[in-house]
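The letters A, B, C, D, E, F, G and H name the chains in turn, as written, and every chain counts its residues from 1.
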Amino acid sequence: MSYHGIVIAGFGGQGVMLMGQIIAAAAVIDGKNSTWLPSYGPEMRGGTANCTVVVDEKPVASPVIDTPTEVVAMNYPSMVKFGKKLKSGGFLFVNASVVDQKMDRGDVKIIEIPVNDIADKIGSGKVANMVMLGAFVELTKVASFEAVEEALRYKLSGSKSALLPLNLEAIKKGAEYARGR
Amino acid sequence: MSYHGIVIAGFGGQGVMLMGQIIAAAAVIDGKNSTWLPSYGPEMRGGTANCTVVVDEKPVASPVIDTPTEVVAMNYPSMVKFGKKLKSGGFLFVNASVVDQKMDRGDVKIIEIPVNDIADKIGSGKVANMVMLGAFVELTKVASFEAVEEALRYKLSGSKSALLPLNLEAIKKGAEYARGR
Amino acid sequence: METKIAFGGPKSLSGKEFTYCPGCHHGIVHRLIAEIIDELGIQGKTIMVAPVGCSVFAYEFFDVDGTVAPHGRALAVATGMKRALPDRVVFTYQGDGDLAAIGTAETVHAANRGEKLTTIFINNAVYGMTGGQMAPTTLLGQKTTTTPYGRRAKNDGYPVHISEMLSTMVGVAYLERVTVSTPQDIRNAKKAIRKAFLAQIKNIGFGLVEVLSTCPTNWGMSPVEAQRWLLENMTKEFPLKVFVDKVGD
Amino acid sequence: METKIAFGGPKSLSGKEFTYCPGCHHGIVHRLIAEIIDELGIQGKTIMVAPVGCSVFAYEFFDVDGTVAPHGRALAVATGMKRALPDRVVFTYQGDGDLAAIGTAETVHAANRGEKLTTIFINNAVYGMTGGQMAPTTLLGQKTTTTPYGRRAKNDGYPVHISEMLSTMVGVAYLERVTVSTPQDIRNAKKAIRKAFLAQIKNIGFGLVEVLSTCPTNWGMSPVEAQRWLLENMTKEFPLKVFVDKVGD
Amino acid sequence: MKTEKLMMKGNEAIAEAAIRAGCRLYFGYPITPQSEIAEYMSRRLPEVDGTFLQTESEVATVNMVYGAASTGKRVMTSTSSPGFSLMQEGVSYIAGAELPCVFVNVVRGGPGLGDIQPAQSDYFQATKGGGHGDYKLLVLAPSTIQEAVELTQLAFDLADKYRNPALILADGMIGQMMEPVELPPMRDLSTLPDHSDWALTGANEREPHKVTSFNIDPYGLEEMNKRYQEKYTRAVREEQRWEEYKTDNAEYLLVGYGTVGRILKSVVDKLAEEGIATGVFRPISLWPFPYTRLRELAEAVKFVFTVEMSSGQMVEDVRLGVEGRVPVHFYGRMGGVVPTPDEICSAFKKLL
Amino acid sequence: MKTEKLMMKGNEAIAEAAIRAGCRLYFGYPITPQSEIAEYMSRRLPEVDGTFLQTESEVATVNMVYGAASTGKRVMTSTSSPGFSLMQEGVSYIAGAELPCVFVNVVRGGPGLGDIQPAQSDYFQATKGGGHGDYKLLVLAPSTIQEAVELTQLAFDLADKYRNPALILADGMIGQMMEPVELPPMRDLSTLPDHSDWALTGANEREPHKVTSFNIDPYGLEEMNKRYQEKYTRAVREEQRWEEYKTDNAEYLLVGYGTVGRILKSVVDKLAEEGIATGVFRPISLWPFPYTRLRELAEAVKFVFTVEMSSGQMVEDVRLGVEGRVPVHFYGRMGGVVPTPDEICSAFKKLL
Amino acid sequence: MAKVQGYIEIDSERCKGCGLCINACPVKAIEFSSEFNSKGYHPAKYKGEGCIACGFCYLSCPDVCITVFHGARRKTPVGV
Amino acid sequence: MAKVQGYIEIDSERCKGCGLCINACPVKAIEFSSEFNSKGYHPAKYKGEGCIACGFCYLSCPDVCITVFHGARRKTPVGV
């Protein structure tokens, strides 16, 4: 599939914005076009946050989308809100570590990944978003893992570069989990 | 003549604004319509001041006029500036106490009144404008003298009412001078 | 010994949950104001003017008539209200960007006219709502999103001292700088707020309380750390002090 | 004994006739500024910012580059210039309406930032240009076209003391209140203006001279009476004083 | 009740009309050519237990108006061009918060500091929205002092009817001119509309009222905007006002508002003397613009000739009304120059 | 020279583009959704010996811009709707004093405080004149981040060419979105236009320069206005910019600018799938509005369908362009709601 | 003076886990709960004993979550 | 110290007749002219003697009309 309209949503602090930026950047590194559009506003402090990523071979016309082809729900309210907009046949990625209910849609592929648990295992709950990213890239093929690594390297340059190995490890673990489902 | 388009001009301080207001108010008291339009702006301090009075039987359409039917010039620059716009056959009233040059127009009636001299004679140079007013009303019949008196009485009410007799006297002297020309 | 409530929430709050970040001092100050409104028995005649800033929703948090003014103009809006309804109690609640930057002229002139108004001024040394930019009250050297190298006097000027500035004015009836970083500070702050309301109610003049407050989020500290930072740094630049008191006891 | 000019007009004036009313102090202050520009040898690098007020034409009266700012914003305009050209000398010339009413925020913040600017502030207790309305500095009891019953503190507030207010600020390098009502006053005023320019030239900070001035026209007095009134009344409300001097001699 | 005609300056007549309409609160900052409104108010309001306050700036002014209007009382301010520009943020807030109040802009030559002479170059600002967001002012343009008095009163009533700010768009000529005027009687304050359902007066024995233009949720804000738009649609239906002069058998239609509108009557008379049949369409409500009637009239003439004291602003609304049916020509003077009847005549005749 | 594509936020891309265009002076006051421009400038300008100053307000900002621009240097500020309203007096002064500079308004939902979501409800303010007087801004509306970069650079060049302020009219979406962008090289400051004939730099060995919008004489002010109008006429001739998408055989013309303009491309593609031939006309220069080309295109279609994130503002210019030749329909969302391609499709199809 | 006895109640759904009450309590009678509330915070929780009803926690709480009682603990909670 | 001798020249066309110089002169060496200038004012005029070149008139003049000279009066006027 050459077109991806992705919504990534969760609580503020779960790293959904970064996840989206890496996907968008990686797609560009792979030679595709992309846009990343955040929900914004400091007034939303403590509320939910989400971003929309569109990846396309052609220049992206609309950065807003009606029916995402993929949704990543890092918490329950996000699953409810965006899961129901998901295109029939699309992917719904759910953070199974914190969401225990099921989405009632038979026409989409639901991928449950216990990302917090996996992240905890490799040593830091903070990289749960990277675990999800690994799984997402693995199954959607939205970008190559090389491009994802390059995008991440760019984001974590300078003082943050020490965090790179842990993040890459998390991505790898996420991808492995997704492959092994 | 039922329509009057009058320009009254002079140095600031010569009382041209008040002269115009009295004419406009008197015309209204007589049951006509009128507008009074000042040149305004404090930046013009020390420069010349002028006002335009339109008197008409019908409601006044335009308070701005191209060609006045009467011009009152209280000083030389005003005579030059407005005298040449005067309608053919119109009246040009000139303050002969301060203007010693002549306007070179044969097609208008030039009325020279030494208003400062006349005013000085009755005791105050300050009422020179009222002398001119008397002459003006006398010759143009723009309003009745009763209406002029009423308008003046309204303007000089309250603390200024003591000035009324002197002003009325000045008007009378102006009218007399004009009649006697 | 009988069971009774020693401390409970004031009824002049609407009960809506505050939208502030965890540990943000805005909430403490809201509660103190509501307690004073309760204690003075003025809830039914009080009108609040909220600012644009993190406390933009404050007009929803108090159970009194209220509005939100354009950024910085709360004291002009309040002046309009008070002139229309001189027997009501009108107060503004404003941040340092709102009151000490864009609203400087309105602040100075309301104070100088001696408007019978009460102002609670939240000085948290930063623009909270817009994401942590420099405020007029940001300390020298302090890093913010628009002073990434720390505030430098040469380029960015000095911290503005609103209370010192207003203390020169005849129209001011009560003026104090407080903080709410310890229980004792909170008690003092409450006394100050009471007096700032009394300055209005007794028709003496303008009352203002400057509250040195934390913004844990934009300072990048935990709420407890932020209080400590405030007590160690902000109170040096902005000493706690009663500047004007024409209210008496 | 040789004949030589002891006192003559400065060359930094353009020679255009001033548009001020007879006896208006604006003209005296203009001349003093031009003399200082001459004496400091800075004519070629000085930029003037005129206000909106009777001195709106001032940018034409000085033989230096100049502009006229929106009413009250001269110090913001000057800040923009000075930041663009830090080695030029930029000064503003502002009335009390301009500087102390609509321009309050710009005044306070330019001073507080310590902008390297010089401001000559003409306090004539009235809005001259627009026809004599109340100014922030109008005295209590003074009649103006908008205080027909005399200024009443209760409705109109108190006279604003700009110099007192700005004297609390670290960014201010020179600040003095003078008048030009006697030859001695004029000499003092000139010294003050020189220092306010030096504060800028030496990069120390913001320099401001408040000049108590007459407006014979709107005060309804002869120029000589107006000077007397000023000395008897305005200097009581606004004492002549050096508030800040970081320039030295 | 006083019905005799008084000679009054436009500025003072507007002020007195406001007081007689029940306005007891005036906030303002001096600016030529309308400072007489403030000066009149400072004398007169204390006599009727009203409040006059000279503010520190137009920014403060508009926000004091916001505050006073939020209490439900009648309040007014007046200014001239640069001052009204400074008020735009506040005007947008007032419209968003649906507060009734009256603005007067006595327009002068622009842009920038410009001069202080009569101009019409703030038409766009007045009618299209000088501030941000989708709001409208109810804009009324008087062409005589008598009309200035009547429209001032109407402005207060419309502001209340629509809970929306109204604007008197005059010019330096209307402000400075004197004309005979008949003043309406003093309105009994107890007959003013009741705003107790929303006004901020202290929540005594009722639920608190909240007045705001704020809604952090875009769908909520869209609902608020829909409410505004409904009001505007209603106003477009009910509030189009204009005057016609000799339009009956006119072959050409002259369009102008305010001061120009009355000058155009002289032009029509002059042209009639030369046997040219023209008529004047003078919009009185600039917003809502009287498109409907203009469209009808345009169908019957050879062309439309719009005159403004600007580079051409209202002419866009004329074009929107005429929609290409007949040509629309334009003549304008700028910078505070008032066109005279003669020059308009010759400009017109060049088009024949 | 760096030509690789970077993922950049619109706000930051605009800031970097300004710096690369030779802008070394930025004055600004924070406001969502564009504070990143100021934040970026505060980090970046000191690196290139430039000056960033956070001001005390938008009123101060616009006047600092006036001051800096009067020295002939490239200067910029950015803000969002309420902030731009506060700048209107200053904008009018800058236009009147003929000073080149660049404004950015990242529009949010209004009126009043409104919200902080993307909107297009400041079109009138931008294009018709939010401030007083007869002036125009050169208004450019980007629909991608790449275009935001290019138009920012163009804005500086046009501002210099016309000695007139230019405005980038974006919206919260453009400001907050990230997209790949190729940045132009850093402009050599010595290649910037020479303004030494009028700039205020100190009258050393030359006659003093005076910069002003002031002229107390109305005839003098009218002459100044004529000079402005000549420039505007030239800009109308030379600066109309737009993009077309599939207009060649379109039966219906969709018109939208900025964010809506790009969304309309999706709409056209969707409709094409259903066999409906539509095309997009996307104005890039909002002033001067590309009337000429719109008029041509309108003649070839059945109707024109305008979409805006407002209650309908640009649609007036569309109507002025189309002049009644074909019907002009409108669909709008307000208050910060961004329309989706699907809803636009259905709104369109209702008209068939 | 005899030591006052008291207890507190915390509205744990309203609590944002800022810890200011914990920091303020002179007798360390409050701690973080290990549970999450629906906002995702670890709310503060009364340890169940030791409170001297000084009110410091009430004073310090920015979210008006705490009610302080004089006297012995009751089973029925008292509303805020 | 010997009394300085001086004289002044007044640009009478520029003068607005405000009288501030007259008021300031310590030796009363200036008076109003009875003539009008073209602006309509009675300009100030040097009485012709007595000036001590103190400069007070120059200092006080708001319209920069006065030039003060040290020494004896010359016939040829000196420009301002």
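Basically, a residue touches a chain if its C-beta (ideal position, glycine included) is under 8 Å from a C-beta of that chain, and two chains touch if they have at least 3 such contacts.
Please read these numbers as outputs of a predicted model, since none were measured by experiment.
In terms of C-beta pairs in contact, the better-connected of the chain pairs B-E and D-H is D-H.
Compared with subunit E, the chain whose C-alpha mean position is the greatest distance off is G. Spacing of subunit C relative to subunit H, judged by their CA centroids, is 60 angstrom.
Subunit C and subunit E, compared by their mean Cα positions, are separated by 39 Å.
Chain centres here are Cα averages; for subunit C and subunit F they lie 38 Å apart. Distance between chain centres (mean CA atoms), subunit C to subunit G: 26 Å.
Across the assembly, subunit F contributes 32, 51, 53, 56-57, 59, 82, 89, 93, 97, 112-113, 115-117, 212, 214, 216 as residues in contact with two or more other chains. Annotation for subunit G: residues 16 touch two or more other chains.
In subunit A, the residues that touch at least two other chains are 41-43, 46.
The part of subunit E that touches subunit F in the complex is made up of residues 59, 81-82, 84-86, 88-89, 92-97, 107, 109-117, 119, 121-122, 124-125, 128-135, 212-226, 228-229, 310-311, 313, 316, 319-320, 323-325, 333-337.
Per the touch definition, subunit B reaches subunit E in the complex via residues 21, 24-25, 28, 33-38, 40-43, 59-67. The touching residues of subunit H, counted against subunit D in their complex, run 5-6, 14, 16-20, 23-24, 41, 53-56, 58-64, 66-72, 74, 78, 80. Against subunit A, the residues of subunit F that register as touching in their complex are 5, 7, 32-33, 115-117, 144, 172-173, 176-180, 259, 262-263, 265-266, 269, 338-343. Across the interface of their complex, subunit H is touched by residues 1-9, 13, 17-18, 20-28, 31, 182-183, 186-187, 216, 222-224, 227 of subunit D.
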